[in-house]
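Chain IDs A, B and C follow the sequence of writing; residue 1 opens each chain.
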Amino acid sequence: MLQSDLTALWLTIKLAFITAVLLLVFCIPLAYKLAGYNGKFKPFLEALIAMPLVLPPTLLGFYLLVLFSPDHAFGQFWFWLTGTQLAFSFQGVVIGSLFYSLPFVMQPLVAGFKHINQTYNEAAIALGLSPFKRFVHLIIPLLKPSIGSAFALGFAHTLGEFGLVLMIGGNIQGQTQVVSIALYDHVESLNYTAAHQLSLILLAISFACLVLLFKFNKSIVGVKQ
Amino acid sequence: MIKLSLFKALNNFDLDINLELESFNVLGVYGPSGSGKSTLLRCISGLEPAKSIHINNQPVHELPSDKRGITLQLQSCPLFPHLDVAGNLAFTQKHCGNKQTSLTLQYVVKTLELQDLLNRDVQSLSGGERQRVVFARTLLAGQKFIMLDEPFSALDWSLRFKTLTKLNELAVKFNIKFIIVSHSLKELLFCCDTLIQLDKGKVINQGASAHVAKAIYANDRQTPLSLINYDVVKFDEDYGLYQLQLQQSEQPLFVLPALVDSSNKLIIESEKMSLSALKPEQTTHSNVLRSVLTQAELINNKWQLTLNVDGQTLYCLASRRVWDKNDFKVGDVLYTTISDLE
Amino acid sequence: MSKLYNTWLGYFLCVICMLSCSVNAKETLQVAVASNFKTVLETLLKKSPLPNVDVKISAASSGVLYSQIVHGAPFDVFLSADDFRPQSLIKEGYAEQSSLITYALGELALWQPKAEKVNDKVAIANPRFSPYGRASEHYANNHFKKPINYVYGNNITHAFQFVQSGNVGVGLVAVSSLKAAYSNTQDQKYLDYTVLPTNQYPDIIQQGVIISSTKKHASAKQLMQFLMAEATQQQLIELGYRIKDNNASK
């Protein structure tokens, strides 16, 4: 196996892990709010979160490229904040992945919160538990399987990310050349042997992720009424 | 002691309740399904807003649920699936603050006989077992004002009466006030001293249990139930029966052990009674009580007869044909035969 | 299934029939075109449509089209962005040797739309599989101060977008991309470029072939002749390409 492929593999795993963890951090409080919100903007919020599901990743990538540009306020702000440029950097790819995998992390969490709210949270309020105790001792422990699913889905989905990284990455080894890009390179340059090897590894990792995911899903418990 | 005023528009009617009750130990809320019983409890607990609620002269309607000093056990209240039975019981004991009672986990487990369930997974419990554990968990929240929404619907009558008896004992011993919602008058009559009747969101009757129950029989096409208080005389091992004696009376009853509990109360449905003017000499039933007919009313095309048995009241139904044929009169001595007790 | 006319499948089949039955005397030619030549080909055909031939364009990267053809994609003509892939197809028997044409040569420009550089990055197409990229890398390695901080576009258009969006200060891009962008927007920034001397990078040879399995040989040939016709070749020069045997493009 090529050294560059190993680098790409490690980079991809790092990217998927960081993306999934960051998404969990943002999404848990957000999903908690969203699950409890029933106002008139709810369908709009839900649609907004689901948008990355339907948008072509290359389109998302193209607009991120525009957003990251030093011509754009966001790109300028980031440069002022960090002194670096987002496009063609690992951080940039992470930000892209956050958008790209958002619905996959958000949806299991929202579903989990909704389930808990409907059945257990109200029972606990009625029993007279304070909001803090409910969150710490009831909601979070009950949410564990959903957190597991959300993490596994976010991780697995980021592993296979392609179009978006292609647009904003610039194919830089160790920075933005993830496995899917390296694979594409191999295919484009007709180096099928290397492509097969790399696909096999990516397949194995993705498969393991999904196995874990379904294991988590199975352990989601509910009281039979 | 409890004073509440609430108004809430529901789908089919408005829940409009102004209630003031001076004192009770166990208050029953009776009404058909969808009459607003559960919503009433939800408003009191704070799950839904209410105009004004005073408990022991304290306004609680502006407090959040956990500061009201009230515990509500929802209808078909779930156990927490990430904990086993013991974990669920310890949960409220540990995490519900501001305890008002000295109930301990050991005491509740012993009283409700839950020892064998403690290490069980909550998914493996039957409906009845689950309800008993849920009730124990509610008690362990440690409040002196507890509301229960259809708490024992999955228990068979014998176990239900037994649990209700325990509830009555707890109410007295720990000075806990209970409010129980049920659509079963039998259950409420057994354990409540005070009843309110709800219909389409309004209180249509309130007061002492027997009084409200009587009004319900009159208006609601409900078969009347009779509540008999007794003392236990002895257990006859040969026949496996208890010999009971009606309170302030010499008359005995022989009943199966399943019907006897420490409440010393017996609920008898009117269908299980038959009347005759002469004392039946030849009968397969041993449970015949001498009673005096005190009232006869034609309700829903049937005669409802009120009988006095040495100071206690029995309700019996008679069809118009039977009534006309027998020519009973108020003041007559009648013999009441009760079946299905032994 | 007895009521096929009343099912969604029925409607679907109906629509398919109507679409396919539309009376069309023209022969349809399936042409696989490298992405960067797609709009150019459309422009050319719009100006002077082929009589009796209806050209259907499938655009993708040359590499993707190559593997599709190898695996039996029903294309009649393949217009590649390089010379390697058409020749491989000929060698492997998927395309006709006699049909090989060099329909255009790519032309590179150094483009720096802003006076001050935003960064020291240089956008080029990926040299591993893009002939533009290979030529760009060759030029940059000889003329730029090292080390060079490359950013690789997936193809030459992508490299152009990197500079266009402002994320990269300097890029080696196709003259054709600049000309197309200018004709679309009339923005002056697309005029501010330097054409690289053609002798300082290897030729970017764009070749086309007729696929062996075609049953529309005459139509395919017609398209090839159209591409090589004097008028078309002149137009390609205007659109930012060079042509073979005429290295003085300007």
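The working rule: contacts are C-beta pairs under 8 Å (C-beta built on N, C-alpha and C of every residue); 3 or more make two chains touch, one makes a residue touch a chain.
Since the model is a prediction, treat every value here as computed from it, not as a measurement.
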Lowest number of touching-chain links that must be crossed from chain B to chain C: 2
Innermost chain by mean C-alpha position: A
Whole-Å gap between the CA centroids of chain B and chain C: 85
Where chain A and chain C are represented by their mean Cα positions, the distance between them in whole Å: 35
Between chain A and chain B, centroid-to-centroid distance (C-alpha), Å: 54
Chain A-facing residues of chain C, complex: 61, 63-64, 66-67, 88, 118-119, 121, 123, 126, 128-129, 150-154, 158, 161-162, 165-168
Complex contact set, residues of chain A against chain B: 119-120, 122-131, 133, 137-138, 141-142, 144, 221-225
Complex contacts: residues of chain B adjacent to chain A: 42, 45-47, 65-66, 68-74, 76-82, 91-92, 95-97, 122-123, 137-138, 141, 143
Contact footprint of chain C on chain A as seen in their complex: 62, 65-66, 68-72, 75, 85, 87-88, 166-167, 170-172, 184-185, 187-190
